[in-house]
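We just call them A, B, C, D, E and F in the order they show up, numbering each chain from 1.
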Amino acid sequence: MLAIVIPVCLGILGLAFLLTLARLLRGPSLPDRIVALDTLSINVIALIVVLGISLDSALFFEAALLIAVMGFVGTVALSKYLQRGDIIEY
Amino acid sequence: MALVLLIALPLLAAALTRVVGMRAARLLATVIIGFPLAALVLLLSLRAEVFAQPGHALGWRVAWLPALGLDLSLRLDGLSFLFALLVLGVGLLVILYARYYLARNESAVRFFCLLLLFMAAMLGVVLAGNLLLLVVFWELTSILSFLLIGFWSWRTDARQGARMALAVTGGGGLALLAGVLLLGHICGSFELSEVLAQAGKVQHHPLYLPMLVLILLAVFTKSAQFPFSFWLPHAMAAPTPVSAYLHSATMVKAGVFLLARLYPVLDGTNSWFYLVSMTGLATLIFGAGLALLQRDLKGLLAYSTISHLGLITLLFGLDTQLSTVAAIFHIINHAVFKASLFMAAGIIDHETGTRDLDRLHGLARYMPHTAVLAIVASLSMAGVPLFNGFLSKEMFFGETLAQGLLGEFNWVIPAAATMAGALTMAYSLRFIYGVFFGRGQPDVPNYPPHEPPRFMKVPVEFLVVICLVVGLVPAYTVGDLLAAASLATLRAPLPEYSLHLWHGVNLPLLMSLVSMAGGATLFFLRRDALRRWQQAIEHLSARRSFEQGMAALERFARAVTQWLEDGSLQTYVAWMLLAMLAVPAYFLADLESLAGSVPAGAIDPIGTATLALLALCAIAVVVAHRQRLLALVLLSGCGLMVSVAFLRFSAPDLALTQISVEVVTILLLVLALFYLPRETHDRPGHGRRARDAVLALGGGTLLAVAAYAVMTRPYDPVSTFYVDQSVPGGGGHNVVNVLLVDFRGFDTMGEICVLLIAGLAVQALLKGMRLPTPSAAPDGLPWTSQAHPLLLAILARLMLPLTLLVAVFILLRGHNQPGGGFIAALITSVALLLQYVANGVRWTEARIAPDYRAIAGAGILLAGLTGLGSLAFGYPFLTTAFGHFHIPGIGEVELATAMIFDLGVFCTVTGTTLVIVSHLGVRNLPPAQAAEDA
Amino acid sequence: MLHPVAEFIVCALLLVGSVFMLVGAIGLFRLPDFFMRLHGPTKSTTLGVGGVVLASVAYFSFRGDASLHELLVTAFLFLTAPISAHMLAKAALQRQLPVDPRTRGSGWMPRIKD
Amino acid sequence: MMRRLLPHPWLSLILMLIWLMLTHSVAPGHWLLGALLGWAIGRLADRWLVLGAFRLSRPDLIARLSFHVLIDIVKANLEVAVMVLGPTARLRPAFIVVPLDVEHELATTALISIVSLSPGTLCAELSDDRRALLVHVLDLEEEAALVGLIKSRYETPLKEIFQCLPS
Amino acid sequence: MAALYAIAIGILTASGIYLLLRERVFTVVLGLTLLSYAVSLFLLGMGRLSIGRPPVIAPGASYADPLPQALVLTAIVIAFGMTAFAVVLALRSLGLTGSDHVDAAGRPEAHRDDAADMESRP
Amino acid sequence: MNHAVLLPILIPMFAGALLTAMPAQRLRAQRIVCAVAALLLIPVAVLLLRHAATGDIAVYAMGNWSAPFGIVLQLDRTGAMMLALTAVLAIAALAAAGEGTARQGRHFHTLFQFQLMGLNGAFLAGDLFNLFVFFEILLIASYALLVHGAGRARIGAGLHYVILNLVASSFFLVAIGVLYGLAGTLNMAHLGLRLAGLPAQDLPLAVAAGVMLMLVFALKAALFPLYFWLPRAYASATGPVAALFAIMTKVGIYAMLRCDALIFGGAQGLLGPFLHDWVFVLALATLVIGALGALAARALRAMTGYLVVASVGLLAACIAMQTQAGWAAAMYYLLSTTLCTAALFLLADALEPEPAREDGAPVSASRLAGLLYLVGVVAAVGLPPLSGFLGKAMILRATPAPWMPVLWPVVLVSSLLLLIAVSRTGTRLLWRLPHEAGRVPEGDEYLDEDHPGAARLRVRPDARKLACCALLLAGNVALTVCARPVSDYVADAAAQLLDRAAYQRAVLPGEQG
C-alpha cells in the first residue's frame, strides 16, 4: 500500500510545488513572492519527510528540522525590509 | 691579481670619495688622484710582461656564475694594454683638469665618484676576458655615462641628452648581450681565449650573420656610427671633463675596441667588410659635414669625434691587414688630440661663459697660451704633417687605395676619404680661425676672458706634447705599443709597415695635400654658404625629434594600455572567461566520445523535478535581475532547491550547510539592499548582451559537457579508504564529518581561517564607512512605525533557547550523524541575528555582548592547539584520538579530540558570522552611538 | 514489513497531509488578492506538514523505533508560521497592496494617518 | 536562591524534554545531558527572556485552550479547504478590528499566533498602543460575531492564564 | 540522470556567468552565488550520482563518495566568506561614489573623494 | 617526522589567531607579536632551506594519514626557496609598514600574518585541494590588505581584484573536480601517477582540466589576458602591502611549475602542447604589455606594477620551455625580480605622496633615494651587473633554438622599452630642481619638460622605508654576488621538480616500486 501511496503523495506534493512556483514566478507583488518562497520551504519540509519514509531513513530529519527552525528567518528579514528598509535597527 | 687591482684601484677611490665626502673639489681630486696614478704605474709595470712575446696575454679568472658561463675573467694583452693606458692616462689628466673646472658649489664628491666608477667600468670593458663580463662592464659604462651627462640634472638639455644616450647605448648593450650569447653558443664558451681561437667555426655557423649584426649594433651605437650618431652631440650637455673623457677618448671608443677585440673571429667575411666599412664611410662623411656646420664649440668637436670614429670603423672594415693597424694607430692619436681639444674647449667655455662659435673670436689676444695648445691639437685633428693625426691619416689614405671592396667602383672609397679629409680641414680651420682670430672684441659673457689657472692647462699641454712627439718620432714613441696592440688584434704576424713622418711623394700624400687645400678653400672662400647651411640645419634638432619620438612612443604605449585596461570590470571578466572557457574547450574538442563507458543511471523523477525547479529559478533570477529584491527572492529559491538536490543525491551534510548558509546570506544581502537602489536601470546594447549571452552559454556548455563526460566514466576513488576507516580510524559514523575534522582536518583548519579573515576584512572595511540611509521606501510610501513588532520580538526571544538547544544537538551529533560544528555555528548565529532583527541592536547587545572577534580567534587557537596536542604524543599535527568510556550509571560515552577541533570550528564560524552580519547591521546607528562605536 | 493496519494509518496520514499541502498551494495560486492568498500557506500548509510528520512518527514507531522527534518539526512550524504571516501582512499593508474590491473594512487603522 | 540557580524551571524542563526528543533516546546519559543543557540554557536565557513579570495560573485553562485551538485548527482548515477549492467569487473577505483587553505582551503574542493559525483569520497588524488588532478574514459573515468569538474563546482564557504581577 | 544533472549545471553556470557580466555589484554577487551553486553541484557530481546512499556508516549500507561532499562543504563556507566580503566592499564603494556600479570607484574624480574619505576617518 | 615543516604555516596562523583575540587598541603589543612571528620565520626558513638543499623531499602527513588519503605537506628545494623569499619580504614589508600603516585601517598585523600563512601554505601544499584552500587564505588576506586604508582608488581596484579572483576560484574548483572525477585522488603526486595511467580516450578531459588549472594560476600570476587586476591593484595598495604583494604573482608562477611537473608530467606530459603553443604566446604578449605599460605609467608605483607584469611574462615564457635550464633560470630570475620590485614599491611609497597625484609630480633630493632607485631599476630592467641581468641572460641562454627568433627580440625590445621608461621616471622623480642647485633658472630651459608649469612637491622620504628598500636591494646584490651557489641551488631545484618519480617515491612510498 505504502508503495503506491508514496508516489501518489509525491505527485500531490509535486503539484503543490508547481503551483507555489507559479506564484513565485508570477508575483505580482513582492510579498506574494515571499509568501511563495516561504511556502516552498514548507513544501520542502514535507517532501523531506516523505522521502525519509520512502527511503526508510532517519537521516533526513535534521534537514527538515533546520528548515523549520530557520526557514522563517529569511521571510522575516525580507518582509521587515519591505516594512522598514533597515532590518537591523537601533 | 694585478689585473684585479687595476680595476679595484679606481673603485677604491670612488668609495673613498664617499667616505671622505669632502665638498672641496680641489682637495678631493688631490687625494683621489693617487689611485688611478697607482693603477697606471701598475699597468706600466706589466708592460714588459705583455710585450715580451707576441700574442702573450696575462689572465686572471674566478668563477662567478658557471651556469651561465660567466666568469670573473680578466685578460691583459696588447690591445687591452693600449686601451687601459688610454683610460688611465686620459683619466688622470681629466681628473686633474676637473679639479679646476668644477665650480666650487658643485658636488665634487658625486662627480669624482661617478667619474672613477666610470673609469673602473671602462677598464673592465677593456680588460674583460669573458664576453659576458664585457657586456656587464659595457652596460655599466652606459649607465654611468647617463648619470654623468645628467650631472647638471636641473637642465632640460642634460636630462634629455642623458636619456637619449642611455636609450641608444643601453639598447646597443642589449643587442650586444644577444650577440655575445649567440657567439658563446656557437663557441661553447664565453672565454675570450677560447672564442678567439674558433674563427673558422664561427664564420661558417648559420647564426654568424645575426650574431654579427647584433654585435655591430652594439658597436655602432656605442661608437656613434651613422645612423646612431645623434646621441653624441647631445651628450655634450655633460660637464666638459666628461665630454673629454667619455665622449671622445674612452667610452665611444668602446665600440671600436670591440671591433678590434672580436676582429679575429668576425673579420674575413663579406658581411663584415661591407657592414663595417660602409657604416664607417657614411659616418666619416656625415660627421665631418655636420661638424662644419655646428655653432656650438662642443658640438663641432662631437661631430668631429663621430667622423673620426667613422674613419676608424671604416679602417676595420677594409679588407687589408694593415688597415687594422692604421685603425689602432688612429685610435691612439684621436684620443690624444681630441681629449686635448675638449679640454681646451672647456677652458674657453669656463673662461668666457659661452661656447657659441658666432660669439667667440679673437681669443688669441686674451689667452695666447691656450690658443697655441688648441691650435696644435686642431692641426693634428686636421691631419697636418708634424702632428700625430697626420701619420694615421696617411696610413688611412693608403689603405683606402689598397683595398678592393667595391670592384669597379673601388675609387669611391679613396675619393670619399679625400672629401672627408677636406671637410676635416675645413672644420679645424673654423675652430682655429673662428675662435682665436678675427677682428673686434669677443661678444662673451665673461669679458674680458683670461687664461685659466696654471694647472688647468697642464693636462692640455701634456697631450699636445704627445701629439707633437708622436707626430715627429712615431716609431720611438708608440711603435711598441702599436705593434703589441695590433698583434693582439690580428692574432697573426703583423704586415709590413713603417712608422715614419716622411714616406716620399706618393698617392696618399697627394690625397693629403688635395684634402688640405680643398678644406682651406672651402672654409675661406665659402664662408657665406657655410653660414647659410648652418642656419638651414639649425632647426633640425635630433633632440627634439628624439623627444618627439619618445613622446609618440609614450602616447602609443598609453593608447595600448588604455585600450586594454579600459577600467571596465565587464571587459576584464569577459577576457578572463574567454580565456578560461575557450582554451580548455579547444583541448576538450579532442574528446572522441562525450559519453563514457558507464551507463547513465535511470532518471529519477524527484531529482529531475528538483533540478528543473532549480533551473527555472536560475533563469528567473536572470530575467528579473534588474529588480534586486525580486532577484534575491528567486535566488533564495535556487538555494532551497540546491539543498533539496543535495539531499536527494545522498549529501545530507551539504543540504544542512546549504540551508543554514542560505539564511545568513539572505540576511547579509537584505542588509546591503537597504543602501542600494531597488532597481537597476542599465540597458546594455544588443552587442554587449549578445557577447554576454555567448560567453554564458559557452560556459554553461563547457561545464555541462565536462560534468557529463566525467560522470559517465569509471574511476577508482581513494575515498573507499575513508568509508573503511571512518569508524575504526576516525571514531565517527558520519564519513563527511570525519573527513572534515580528521582525514582532511587541515583543510578545515584553513577554511576557518578564510572565514575569520573575511570577518576581519569586513570589520576593517566597515570602519569609518559612511552610507546614505534612505528615509523612505523607494516607492515613496512611509516606513511602518513599528521597528520591532511585538509578535516577532517575543517569539524571537522564545525561539532563542530552543534554537540553541538544536545547535548543541547538531554540534554533538555531527561526528556520527549529519551535522557538525559549522552547521551548529550557523544555527547559533542565525538565532542571535534574529534577536538583532526582532529586538534591535540596543536590546540585543545589552544582553548578549561577547566580543565576537575574540571568540572567532579563540576558535582558531582551540582548533590549532588541539592539532598541536598530538605532537606531545609523538604524532603529527592534527592526529586525532578517541575512545569509548563506560561511565557507571550513564553508559558508554564516546569522546574524541576531533570534537574539540569541531568546537574550535564552531567558535570561529559563530564569531565570524556574527562579526560580519552584526557589524554590517549596526552601520547606521544614531549619530551619538556611531561616535562611540568609532 | 509493517502491519497492514499500521500501514493504513501511515498512508492515510500521508495522504491527508499531502492534500492539505496541495490545498495550501491551490489557495496561494488561485485566490484573488494577497491577503487572501496569505491564508493558504499559513494554515493549510502548516497542517499539511503536521499530517506528513505524524505519518513519519507513525511509520518509524511502527517499525519499532519509537520516534517522536519529527514532532519537533511541526512544533517549530506552529511557532514560526504566525510570525511569517504577520510580518508579511504588515509588509503588504505598508506597500498598500491592492485588495479584492469586495473586501469590507478599510484595513487602515487610525494610527496610520499620522 | 532557587530563582538565581534555576530562573526558568519550566523552560529548563521543556528544554530537557526537547533534548530527549531530539536525541531520540532515553538513556541516562541523555537525561543528564538534557538536564544540564536545560539548566544552562535556562540560566543564560534569564537575560533574554525579559517578558514582564507574570504568573501562569489555571493549568486547566491552558489545557482547555490548547485543545480548543487544536480542534479549531483542524476544523476550520477543512472549511478553508472548501473555500479555497470552491468558487472564489463567493468569498467575503474583510478587515476587522478586534479591540484588545489583554495586557501582558506574552498573552497578546499568544493571541496573535492563535488568530493567525486558526484558519479564516489572519492577524495583519497590532496597533501601536497594543489595544487593537487588525484581522483579515477570508470569508466574513458578521463582524461582531467573529470579534465576540475571538474574545470569548481565546482572549478571555488567555487573560486568566497570564496573571500580571506588579513588577 | 547524469545528462539531466549536467544540463542543470550548465543552466546554472550560464545564468551565473550572464549575471557576472552585468554592471552592478549586487547583480554580480548574485551571479557569483549562482556560479558557486553550479560548482557545488559539479563537485558533487564528480563523486558520481547516487540516491539514498548517504555516507553515514550503517550496517549493510553502501555509500556515496564522501570526499567531494567534504570538498563542497569547504567550498560553500569559503564562498560565504568571500560573498560577505564582496558585498561589504561594494557598500564601501557605494559610500565613496554614491553608485554601486562595479567601475564607479575606478573613475577619474578620484582625488576629491579620496580626501573626503580620509577626512571622514577618525 | 620533521615538525619544522609545519612551522611556516603554524607560526603565522597562531600569531594571527592571537592577534585576532587581542584587543584592537593594543597596537604596540600587536606590533610586537607580529614582528616576533615574522622574525621567527627567518630561522625556520634557513633550517628548511638547509634541509631541502640535501635533496631530500620532506613529507609531512597531517593527522598521521599518509598520502594519498591524508593531506601531506611536501618540502623540496623550490618550496624552501619560496619560503625563504617570503620570509625576507615579510620582514622588509613589516619593518617598512611601521605604526602609520597599521593606523590607516584595522587588523593590519593580523591580516599580514594570515597573508603569510596563505603564502607559506601554498608553497608547502602537496594536495591539490589543500592548495586551493591556501590560495583562498592568501587571497582573502590580500583582498583585505589591498583595501587597507580604504580610499577610492583602493576600493575600486579591490573590487575588480576580488571579483576576478572569485570567478577564478570557481574555475579552480571545477578543474579540481574534473581531475578528481577522473583520477579519484587529490594528492598531487598520486594524481600524477593516476593520470599517467589514464586511458587515452579520457586524456582530453584531463588536459582541459589542467589547462583550466593553469589559467587560474595564470590569473594570479597576471598573465595576459588575465592581468587586468594587477596594475591598479598594485598602484593603489599601500607601499608595504604592495611590497608583500610582489610575491603574489609568483605564487601563480610557482603553482604552474609545481602542478605541471608533479601532476601533468612536465616536458613530455599532458600540458606540453598548451604550454608550448599558448602560454608561450601569452607570455610574449604579457612581456610587451608590461613594457608598454611601464612606458605609459607616470608614477613610480604604477610603473613598478608594470615591471611586475613584464617579469611575469618572462617567467611564463620560461615555464613554457619545460626544461630544466629554463626552469632554473626562471627561479633565479624570480628571486631577483621579486626582491627588486618589492624594493621599488617601498621606494615609491617613500617618494610618492598618497593618494597619487597626476597634476603635480613629486621630486626628491635624497641621494640615498636616488641610489636605491638606480639599483632597483637596474635589477628590475635586467641591466648589468645585478641579478636581473644574470637572470635574463640565463633565460635567454636557456631558450630552445626554435624560440630564439621570437623570444629574444621580444625580450630585448621590451628591455629597451623598460630602460626608456625607468630613465624617464627616474629623471622626473629624482633629479634635482633648479632652486635646489642654487642656480637661477634661465627662461624656459629649466622648466620641467614633462609637466610644463606643473607644481613640484618636495618630498622628504621616510627613512624607515628607504632602509627597508635598501635591505631588499641588498638581498638582490647578495643574489648577484652569490650567483654561483644560488644558481647551483636553482638548477638542482629545477631538476628535482622535474623528477616526478622522486616525489612519488617520497610521498607514496607504497605505491611505486
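In this text, a residue touches a chain if its C-beta (ideal position, glycine included) is under 8 Å from a C-beta of that chain, and two chains touch if they have at least 3 such contacts.
Keep in mind that what you see is a predicted model, and the values were worked out from it rather than measured.
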item	value
Shortest path length from chain A to chain D (each step joins two touching chains)	2
Central chain (by mean CA position)	F
Contact-richer chain pair [B-C vs C-D]	C-D
Far-end chain from chain F, centres as C-alpha averages	D
Whole-Å gap between the CA centroids of chain A and chain E	23
Euclidean distance of C-alpha centroids - chain E vs chain F, Å	26
Euclidean distance of C-alpha centroids - chain A vs chain B, Å	61
Inter-chain centre distance, chain A versus chain F - centres from mean C-alpha coordinates, in Å	49
Junction residues of chain A - those touching two or more other chains	17, 30, 34, 58-59, 65, 69, 71, 76, 78, 80, 82-83
Junction residues of chain C - those touching two or more other chains	26, 38, 40, 46, 67, 69, 72, 76, 79-83, 86-87, 90, 92-95, 111
For chain F, residues that touch 2 or more chains besides their own	129, 133, 136, 140, 143-144, 147, 150, 159-160, 163, 167, 174, 177-178, 180-181, 186, 232
All touching chain pairs, where touch follows the definition stated at the start	A-B, A-C, A-E, B-C, B-D, B-E, B-F, C-D, E-F
Footprint of chain D on chain B - complex, ascending	785-786, 789-791, 794-795, 797-798, 800-802, 804-806, 808-809, 813, 835, 847-848, 887, 889-891, 893
Contact footprint of chain B on chain E as seen in their complex	1-24, 26-30, 33-34, 37-38, 40-42, 44-58, 63-67, 69-70, 72-74, 76-78, 80-85, 87-92, 94-95, 98, 100, 102-103, 106-107, 117, 120-122
Residues of chain F that touch chain E when the two form their complex	129, 133, 136, 140, 143-144, 147, 150-153, 155-160, 162-163, 166-167, 169-170, 173-174, 176-178, 180-181, 186, 232, 355, 357
Interface residues, chain A side, partner chain B - complex	10, 14, 17, 21, 24-25, 27, 30, 33-34, 37, 40-41, 44, 47-48, 51, 59-60, 62-63, 65-67, 69-71, 73-74, 76-78, 80-90
List of chain B residues in touch with chain A within their complex	605-606, 609, 613, 616-617, 620, 629-630, 632-634, 636-637, 640, 643-644, 647-648, 652, 655-656, 659-660, 662-663, 666-667, 670-671, 673-674, 773-774, 777, 783-784, 786-788, 792, 799, 802-803, 806, 810, 813, 817-819, 823, 827, 830, 833-834, 836-838, 840-842, 917-918, 921-922, 924-926, 929
